[in-house]
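There are two complexes below, and they share chain A, which is joined by chain B in the first and by chain C in the second.
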Partner chain A sequence: MNILKVLAQRLSYALALLIAVLVLNFTMINLAPGDVVDTIAADMGGASAELMEQIRTEYGLDKPIIVQLGNYVWRVLQFDLGHSYFYNRPVTEMIFERLPATLLLVFSAQIFALILGILLGVFAAIRPNGILSHIVTLFALFGYAAPVFWTGILLLIAFSLNIPLFPVAGMRDVTIDGGFFPQALSVAHHLVLPMLSLGSIFIALYSRLCRASMLEVLGSDYIRTAKAKGLSPRDVTLKHGLKNALPPVVTLAGLQFSAVISGAVLVESVFSWPGLGQLALTSILARDTPTILGILFFSALVVIIGNLLTDLALRLIDPRIRKST
Partner chain B sequence: MKTRVLTKLAMAVGGAAMLCSTAMAEEPVRGGTLVTTLPQTPRHLNPAVQSGIVTGAPGAQLFAAPLRYDEDWTPQPYLAESWEWSDDGLSMTLKLVQDARFHDGEPITSEDVAFSVDTIKANHPFKTMFGVVETVETPDAHTAVLKLSQPHPALLLAMSSQLMPIIPKHIYGDGQDPKAHPRNGQDVVGSGPFKFVEFTADQQVILERNDDFFIEGRPYLDRIVYRIIKDASARAIGMENGELHMTTFENTVRNIKRMSENENLVATDEGYAAIGPINWLAFNTGSDGPLADKRVRQAIAYAVDKKFILDAIMLGLSQDAKTGIHPGSPLYYPDVNGYDLDLDKANALLDEAGYPADSSGTRFSLTIDHGNPTTKPQAEFTKASLAKIGIDVTVNSFVDFPTWANKISNHDFDMTWDTVFNWGDPVIGVHRTYDSQNIKEGVIWSNTQQYQNAEIDRIMDEAGQEIDPEKRAALYKEFQEILAEDLPVYWTNTLPYHTIYNNKVGNPPLGIWASSSPYDLVFLKE
Partner chain C sequence: MPLLSVEDLRVELATRGGMVPVVDALSLHVEPGETLSIVGESGSGKSMTALAIMGLLPRIGHIAKGRILFEGQDLTQMEDSALRDIRGNQIGMIFQEPMTSLNPVYTVGEQIAEVLRRHQGLSQTDAWSRAIELLDAVHIPNSRRRAATYPHEMSGGQRQRVMIAMALACQPKILIADEPTTALDVTVQAEIFDLMRELSREMQTATILITHDMGVVAEMADRIVVMLKGEKVDGGRVHDLLQNPQHSYTKSLIASVPHLTSETLDTTARTDEHDTPLLRVRDLTVQFPVKKGFGKREMFTAVNGISFDIAKGKTLALVGESGSGKTTAALAVARLVDAQSGEITLDGTDVLALEGEALRRARAKVQVIFQDPYSSLNPRLRAGAIVSEPLDNLGTYPVTDRPARAAELFEQVGLTPDQMNLFPHQFSGGQRQRIGIARALATNPSLIICDEAVSALDVIIQAQILDLLKDLQRDLDLTYLFISHDLGVVQQMCDDVAVMYMGDIVERGTRNAVFADPKQDYTRRLLAAVPSIERAQHKLGLDQPI
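And then the complex of A and B:
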């Protein structure tokens, strides 16, 4: 009963937030000088005043901003995200076409960063002042500090050019014919470098947190008890230590989800990964308002759902949180 | 002048001979998939209603034009086997090749030519191409006669490459708006050497051989895959590791340098003369400030060292452009003032114009915008250069294209770096910058400098209608001389567009339209 009440409350917040996202973003985009017709004209290498006027009328861009906003929100409430001005296709269709690519990239990068981050964190925690611990810290900080597109290009130079192991761009090899497995293999092959560069930012976060959390746990009384019981160091570290050190890391991973999505925008551009990020970048540069708003709407939705799930999961796992509300 | 034309001719003949000898040495091979690039996703693939290089490249494979051009600016038969002006220059008769068919098997007739001209005229952004075409008569299925309201020599170039694709009336004539027609991007039915297979945004465009092409035995390739890769470094790496066979319209000089050092790759700037991209520093001549005075504009040109731009910023990969007509065009006239670095002259001109330096050495202040992230070095260099002659410059950083375009097209600027394309004939891409009738608020790449000169207007009017090539060249010579003196913009260099191809590629598209030429002759060596 209690949990349903919380859920209802969260959902009503989420709805208000979504409408705010739309209205604010719509206003912000329209505050910027220039519009999509300027970009369409540029894409054509120049255009006449008559043609530009004609396109503005067709798209309703000649109407006052407040009318345009009203029309837009009204359509969204009817679950219609509109047509892209630039590509002249339904926005929802374009988003669903690209969502799988982005989700694949984001989830694999997140999982990769979590696994490697936790491993490195545990190793560093076992000997907090050892040389390995410092190397791990250094390496992780480097990944965190380096701009992700730069890491991406370095990886390309190293593993596409000098040691040509991976393809330079795209999601699959179009010259491959064949069934599901060759295709899936091709996608996996193309996924490696983008996943590494996107994951590299988050390895630092997770390993640092895991290290700190492990150190705290390893210093607590029940670990001393476990050691005194004569358990092997491996059991002490993994079963008693890691298990209790993990929840903060998982929470952070949930909260970082939106950051991973924004990182994907850059990674997708470097590796020509055909996901939402590339579409977002193109649409922003083109002032393609319906597409930008559609993507922001979806991203907000994903983040809201992510936070909601993290919230609920923590309530289920940790009895203390359940009691406090 | 005459000797220059002759040398050009001799060079062209030599070039043609060379081409023949290489062609003889390398017998074209049938088959294979050419993997090439597009730097961004096209809005769609129908060049009749959309200009731009990313639509033009696949567009020129999907659709055939009446004419094609060789490396020497000479028109060649393509879908039209002959073309003829009437004596008064008011009509152009095209004879189409027999038995040409669209990709769905329907015959290509003069009706389709008439329909294509009407569609382009009504929807294409370049109104000057077919604006003077009043009607297209179709006396029989293979004859189309374009009737003009005035002589229009630019028509020849406008009938080539991506500018005049012959589109099927039975598909696009169904009453829907051609600009938003669903068949522009999917199930495209064309008339060219390659047929549509797939177009996926941000991934690839795939075309396959048209077995029923109207030129017997061609094309040689089985397939063309255009991979859409926005990142220039990624394209360069793809060329170096052999994943890509060819990339066109590359303009980041460091990547071009890298690729040209690879022994398997050839980098060339041949093929961009018709598209004709020119970098220039534009002045708002209509502003109240000092830039309204041509002496100030000349002083600025003298102070900005063009040699530095060509050698240090462009790494020697782009050509000196002294006028608004591309150096590769037969109409280019290079013997005008090139404004080589001369600070004394610059200072003298500013003194003469009545802008003395104050106690701190400053004469006045200006702003500069850069119209494209790639022209940032030029903008910074201009600031440093003009400081030497007492002009204090503030650089406005580039935010994004619409912001910049909005500012410039509403004449709210002092100076900006810009890149503008010739698009073949001066009537199509050059006149718009200097025509006093074309000062239009809110339209980018119109006469945003607000330049007005009745003499220039008159010359453009005459040259636009002059059928005699020699007289026409003389008019454009005068045009370039006056502009070099008035200096509404300071032309510095061609954009360093390069085609880079793997030496496996035979007959790369090096004609005047680069990748917007039909690839029916391109082949892959064994």
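And then the complex of A and C:
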């Protein structure tokens, strides 16, 4: 089947999935007790019941849930995510301000974890009983066990007190002015620690799977064939081995997209990274339903795009998938 | 000077019990252009010898002693990089499993071109056009288009042709072929051997052919080395050895080759009773849905309206190549796959009408002996439990009698009751197949389906299991539906033969009728493709029978 047809099919699934996510999110948020009016009243130092009712009517919160849901879905389908009660700004505008920061963090952590995880896995598999192999296993165990915010805090302490090599907060140095390159360099500099702490868990995950997958592949008949052709160890391992060992790793990476995003929420708080995570945290505390829903919607979108990319990557790697779907 | 000589070779594998020699005190030599065959059963060290020559021993193996001289250079002392310049260039190798020996993620053209770029320094485009020429040389049609396809889009025989093209790409002086046709159908095997003969003659390549089949040796080899348990027990020129084998093992290997000529057939006519058969199959059709693109489904007809009978106490063989539908037909009789239409009557019961509990009960009547004795027994159950499990599920034996019945079954199949406490991995392949037979016998079935029951076994073990099946048939009045691709085995076992081809039975008759006087082209082709010593001897101009 050609790639465009597959893409069209996947996109139609994605749309249906997005609507389902919208409905579920909306219902769950509304099942939780309390609304934004409680927060506003609290900020004002208390308000009368009449005033609170009045605010609710103003925001349309007095209508039945099902009507609110219908209105919401209808508006989203017109690319309108509503207006934040708490910040008093359009939700879409706020999200687009912060989305690039989160995307940068999520994708760089994911790519960093994939590259390093695959490298470590391959080297560990070449000598399954060597030192590096044991280090990878140990590191993987550590990565599984250590929560991402804990790693983050450790890095933060280390780099703020002992080795002031990388900045530990924010996204860019405000004192720097100049063109694109100095700015980008500053962002990259700030990105190092958040990326490291978010990536660490996933490096562990990917390197372990890649090691196992490589070990299996290196024992297969076509590797013996490749050796019998007189190819160099590098060609045997990387050209014939790695390409066959990749699909499980890429599949896992695709499934982990949602985990990377939820990890990003924590990492952003630790390193004051101005992304969606921070916005999510404040709007949850403020019971700012439209903002929360908007963030959830975009998170779902990122996960779906991530999975789509995974699908395409797998088709690129393995010709058998191209044929079967 | 011989092209290749192996002198006093000893290969050891590191196991938990220490170093185990798998090849010992082996010496052999190969002259330019000749075909040397190394014969032996699994575990005889013949593949290890090939891998040692290639420098491809598994991680746990090493050469403990001896020399391997190729054009005077000792390969065992050579640097890895120098050895890599010889591998795939001066010495090419093809393997047993064409299904898994090609890399699934690269096109076959790329996999051939890669060798040419590596050893002959050809450019990308030159290597590709040479790869297409090589595909032509191994008779793959539409080579230009096929070069860009992936291994999974090719049949087993075609993949083996690609392997040959790859191994011969640099016109090596030696081609090592390790059981190159064992995984292939017999007609495909004949084609592959023709191709190997043609190309090695053209390129003046010497061949080391590793096989377990004396018939293949007789047709292909100039000289022969017989290996048993890591050591060379016999050797010499093929026609000398066939006429005058020295070692008793060589004699038994030669004896195990089927004799398919009519003179050697047992001509005592078996009477064909025409009373009601035990199993009666009429117009049996089995179809599977195949997915064709997005949302489209098509039916694939695996078995196309076949009919046959088996009389009580007799054996019918369903013969055919892979994909002919023989196994599907048998599984439909056992109600393990669903039939679309037709009639199956066993002992007066309409088998296709059975449902639910009645079907479960009826399973006691039809039991199956499966092909692979390694994977068809549950590794976590003790042998005794495997055999008595059908008694618990289907038998009419009272609980207290079951251990005694299991012990009796063990004795019937030539095992001892004290082996009931062992796990499957503690048995050899032949013994495991005996366990499989005991399990099939447990419920006193009226029909036993043997699905390639001896195909995975070495020839000598195979003969023992076939004897056991025949003895049991005589003693217990068993009826067999015998599925096999191996005409030699069929000829030893069966009363009647039905030849299947693409879902149809193309020829059916008594054994003698089908083997001695085949009516259909396909049957004739099938019979002609079986390697046989007689035919080889005829070619060599030898008249004395062995």
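By our rule, the second predicted complex is superposed on the first by the 280 of 325 C-alpha atoms of A that agree within 3 Å, B and C clash if a C-alpha of one lies under 4 Å from a C-alpha of the other, contacts with A are read in each partner's own complex, and residues count from 1 in each chain.
The criterion applied here is as follows: a contact is a pair of C-beta atoms (placed from the backbone, for glycine too) under 8 Å apart; a residue touches a chain by one contact, two chains touch by 3 or more.
If you're wondering where the values come from, they're calculated on a predicted model, not measured in any experiment.
Asks: More residues of chain A are touched by which chain, chain B or chain C?
Replies: Touching more of chain A: B.
Asks: I'd like to know which partner A:Ala47 touches here: chain B for first, chain C for second, both or neither.
Replies: In the superposition, A:Ala47 contacts chain B only.
Asks: Just chain B (first), just chain C (second), both, or neither: which does A:Pro164 touch?
Replies: Touch status of A:Pro164: first partner only.
Asks: Under the stated touch criterion, which partner chain does A:His240 make contact with: chain B (first), chain C (second), both, or neither?
Replies: The answer is second: A:His240 touches chain C but not chain B.
Asks: One more residue to check, A:Asn2. First (chain B), second (chain C), both or neither?
Replies: neither
Asks: Which partner does A:Gln78 reach: the first (chain B), the second (chain C), both, or neither?
Replies: Once the two structures are laid over each other on A, A:Gln78 reaches no partner at all.
Asks: Show which residues of chain B lie in contact with chain A when the two form their complex.
Replies: Interface residues on the chain B side: 33, 35, 40-41, 43-44, 50-52, 125-127, 180, 198, 200-204, 206, 225, 227-231, 233-235, 237-238, 240-241, 243, 399-407, 409, 421, 423, 429, 432, 440, 442-446.
Asks: Could you please specify the touching residues of chain C with respect to chain A in the complex?
Replies: Within the complex, chain C contacts chain A at residues 54, 56, 84-89, 92-93, 95, 97, 100-106, 114-115, 118-119, 150, 152-153, 163, 166-167, 293-294.
Asks: Chain B touches which residues of chain A in the complex?
Replies: Those in contact with chain B are residues 32-36, 38-49, 51-52, 86-88, 94, 97-98, 153, 156-157, 160-161, 164, 167-171, 174-175, 269-272, 274, 278-279, 282, 284-287.
Asks: In the complex of these two chains, what residues of chain A are touching chain C?
Replies: 1, 5, 9, 220-222, 224-232, 240, 243-244, 317-320, 323
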